[in-house]
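Two complexes, one shared chain (chain A), two partners (chain B, chain C).
Let's turn to the complex of A and B:
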């Protein structure tokens, strides 16, 4: 029983982190048809900016509560600045190009972001543990879990809910769904598709940075963290269906629970379990569980 | 263009080409220095090692090291380092470039056990003197290159770290009935856990392995692994995590009480004991993969190294810096002994050599004189009143107590009850 509960809690915690780290990737793909490898760079930028700013703030001796505000502020700053530079400076000149070419372009951007991160923050590790400790622990059947982990689960639920509500209950969201469905038709209806691209890219980049910024207090922020997340995020959105936000939720839950189950019951298969699930899903649903149906254009 | 002008131009071109093709000047010896300059291992390992290389090479070239290393250069020849990033998808090609294009006399480097497994056979194939300065897997000379001619390793293997860790638990009277491990899922982590768990089986007959966790390297998130460990209620948790992974485990594990509920052994914990001093709970057992850093014995060389490193880089050297210095001083000792800096001269002199590094005596005692052993030490972490990390209850182990004798395979030696070990 204890193991089953631990699997559920650990799986949920890991899934929340995965969802926050991958939802921006699937949003950008859904709207722009760009598999944005640079997403890993946004994640790293958010993590570094957050850890660096929290570190500076904590040196002032002020209460830790305000550090929780630093996390979203730095995520928005890192995501919008880097996202705007990349979308306005590079990607807008490439719209309409082949998807494979865009993968290569965003991969190049990812490598540039890695070096930019290193230029700004160097190669030393950054730790900003104070927020992760500030919320204490919650005991579940004698096993302590950090309150911070439950906060991340809460943030993931809020983000997922906000995206769902925004897309289905607001005018902008409904227009965005039209762009996702068919950008040519959307353009012919007078929707400013390019502006939607810019805004979507900024939102996606900020979500990537938020994933990193929220993770920073739990980890040691070191060079290379962006490369690690992009592989995992890719597995999540492939399982859920690229471009689908409900798919990202389900994909994250499947990966989180598969990994937690393996860690508790058969640890050597921890990594294998994630890709086994991915292979199994793709064998049955080659475009993922919630892939958007695409009409054949004649 | 007149005939004279043409002759002059041709002659000048030929002379310039010949100059470019000439070997390096006789008083310069090129060394390829390979460490992580990017990626997750750069901050805690690669850059401190590169910093140490810069410092020690400068001092060797100037002749400003303390005695007996106060003669300039390698047997009088100036070292010209070429730094290469180990964080590469084409490590073997990078190595080949150093050998064939850059014309280095030797390659000194490699932190990751995976890198060493790839490079050791390449070094033998290309017949290029290669000094591995840090990687720990015992496989290098036990399975990968069993009759080395060109490959040396100036650092002891993971066997030493893990046998000593088990002995330290016994010597400090730690309850060790239930043992858990969390180690990275590649050669380093697997070999470390294998040697530690086998050592515990020999030293603590009641010890039971309750869980073995193998997250991937650079995973960073250990929530599930920590829960799995907590549910098994171990007395001892062993981890050979290093760098950012180790720091993340400390932050997450400490927040969830792993360190309070179990005696945690961090065999490579020394690199974090100052930066995470407030997160590492008192009582954590800390290793430095040898008697490096805070575990280094007092000596004039160690004093010089710590002071010079801190003056140049603003922080104290950690164990990767010590191991780089150790390797460079081994090469210098060999070259000075041979009276030449050529590959053949250094190979002949380095095999079986003994020299003093900042961490004490190093002996190339295994693998036909190609694999180093040295004394080691462990300590228990304690936060000082002024908020700094320190080590107490330090216990030192002779090299012959925690390393297998020549000709023995590490795991067989452990399983045979450390046959021939000489412990004080």
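Let's turn to the complex of A and C:
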């Protein structure tokens, strides 16, 4: 029973973190049909930016409460600057190209981003534990959990809810759904498709950076975290069906619970339990649980 | 046909040239050639799949399977014979690729790319957490023997080098034949339009499966040769960033000719040595930039610069460039 509760809580924690780190990826794919490997770069950029800024801020001896504000600010800053440079500087010249080619392009961008991160922050590790520590712990059936974990769950719920509401209840969201459905028809109806692409890419990049920025206080930020997250984020969105936001929620929950289960019952399986679950889902539903139907091209 | 024959002649001539190089060049250079022949074979595996329009972002899987199969046979069974290790590596890759092929042959485009990546990451996770195999540090391989011949020192290095060169040449010639065979032609057709291939009576699933298995076997040979020449294996072999490097080579070199990825791998290896020494923190940035520029300006890779100038070509169809062309 105790293990079951521990798995459920840890699983939810993992799921929230996975959702935040992967929802930008699925959003960009859904709208732009670009599987953005550079997403891992945004994640790393967000993590470094927030760990670095929190470290600087804490040195001044100010109260820790403001450090929580630094996280979203740095995420938006990192995501917007890097996203804008990449979208305006490179991607907009490649729209309409083959999807596989775009994977290679974003892979090249990922490699560049990795080194940009190294050039800015060096190869040392950064720790910014203060915000995670400040929230204390919450006991559930005698097991202490960090309050920070519950804050991440809360942020994930808010972000997911905001995206859902934004897409289904606002004018811009409804126009975006038209772009997703058919970009040519959307263009002929007078929708500025290119602007939607830019905005979507910025939102997606910022979400990726936010995933990294929120994780930074819990981990030691080192080179290579971007390469790790991108494969996990991919597993999440492919389980749910690429391009589907409800799919990302379900995918994150499945992967999060699978990982928590293996951590508690059989730790060596932690790394590959994720892909095992993915393979199992794909064996039944080849394009994920919430996949969009594709027409055959003759 | 004539151009393809030229390729095979070039490969046959390349063998004595490679042997001569080993005798004339300094030994550090020979080491790089040997290592890049091993990884070059994996790049060939990526290339023949790309001819069918399939980008494998997980070819490191079979590179690693080959290396680990040979290494485990040496570590646990005490086998040191080169040919037995090689056969074990290939058999392991054969079995795994036939099984996984049933899953992967159903997918195309980014799904194929990312699923092959995910599958290779399963192995990465397995190996990184198995302490019996040295976790992330990997383990060392035995010095190989050759049937009843157990050379030492320089002779051992030379024997391994000569066999590596010979095997690479043989694999390249075989793959060149595969590309010209009916299977190779069907693969090109699959890249253009899979449904029409099916309407014409060929099974696209079957062709993709066979190509996947061939690519896996070639990559595992590369893995065995690479592991034996370095004397060490670790899970990094199947990390997706390693597989990405193979894709990079093929994009840069182009898929026009079987020799292109081999030469590309060698040049990249040399470039890496200098770049890592000069500026270790901008090495990936250089890679990424070169890759971007290649995709934008030379969609058919560097090989397309070779010998195309004299022929007057019509306007090339830019708009919808496939990565496999």
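Heads up, the rule we're going with is that the second predicted complex is superposed on the first by the 294 of 298 C-alpha atoms of A that agree within 3 Å, B and C clash if a C-alpha of one lies under 4 Å from a C-alpha of the other, contacts with A are read in each partner's own complex, and residues count from 1 in each chain.
We adopt the following convention: contacts are C-beta pairs under 8 Å (C-beta built on N, C-alpha and C of every residue); 3 or more make two chains touch, one makes a residue touch a chain.
These numbers were taken from a predicted model, which means no experiment stands behind them.
Undergrad: Could you check whether chain B and chain C clash or fit when both are placed on chain A?
TA: clash
Undergrad: Examine A:90 and indicate which partner it touches, taking first as chain B and second as chain C; both and neither are also allowed.
TA: The second partner, chain C, only.
Undergrad: Is A:39 touching the first partner chain B, the second partner chain C, both, or neither of them?
TA: Once the two structures are laid over each other on A, A:39 reaches no partner at all.
Undergrad: Does chain B (first) or chain C (second) touch A:225, or do both, or does neither?
TA: It touches chain B, and chain C stays clear.
Undergrad: For A:270, decide between first (touching chain B), second (touching chain C), both and neither.
TA: both
Undergrad: Using the superposition on chain A described above, determine whether A:9 touches chain B (first), chain C (second), both, or neither.
TA: It touches chain B, and chain C stays clear.
Undergrad: Could you tell me if A:144 is touching chain B, chain C, both of them or neither one (first, second, both, neither)?
TA: In the superposition, A:144 contacts chain B only.
Undergrad: Touching A:286, do we find chain B (first), chain C (second), both, or neither?
TA: The answer is second: A:286 touches chain C but not chain B.
Undergrad: Now for A:109: first (chain B), second (chain C), both, or neither, which partner does it touch?
TA: Touch partner of A:109: chain C, not chain B.
Undergrad: Is A:133 touching anything from chain B or chain C once the two structures are fitted on A? First, second, both or neither.
TA: So A:133 only meets chain B here.
Undergrad: Taking the options 55-63, 109-117 or 289-297, which segment of chain B carries the C-alpha atoms that clash with chain C in the overlay?
TA: The answer is stretch 109-117.
Undergrad: Do chain B and chain C touch any of the same residues on chain A, and if so, which?
TA: Common to the two interfaces on chain A: residues 114, 118, 123, 227, 267-268, 270-271.
Undergrad: Touching residues of chain B toward chain A in the complex: what are they?
TA: Against chain A, chain B makes touches at 37-40, 42-44, 46-47, 87, 185, 211-216, 218-221, 223-225, 227-228, 230-231, 243-245, 247-248, 251-252, 255-257, 275-276, 279.
Undergrad: In the complex formed with chain B, which residues of chain A make contact?
TA: 2-3, 6-7, 9-11, 13-14, 17, 114, 118, 122-125, 127, 129, 132-133, 137, 143-146, 148-149, 215, 217-225, 227-228, 259-260, 263-264, 267-268, 270-271
Undergrad: Show me the residue ranges of chain A that touch chain C in the complex, using the header's touch definition.
TA: It is residues 35, 90, 93-94, 96-101, 103-105, 107-112, 114-116, 118-119, 123, 227, 231, 234-235, 238, 267-272, 274-276, 278-279, 282-283, 286-287, 296-298 of chain A that touch chain C.
Undergrad: Which residues, counting only chain C, touch chain A once they are in their complex?
TA: Against chain A, chain C makes touches at 53, 55, 57, 103, 106-107, 109-111, 113-115, 117-119, 121-126, 128-130, 193, 195-196, 239-241, 244, 247, 251, 281-285, 287-289, 291-292, 295-296, 319-323.
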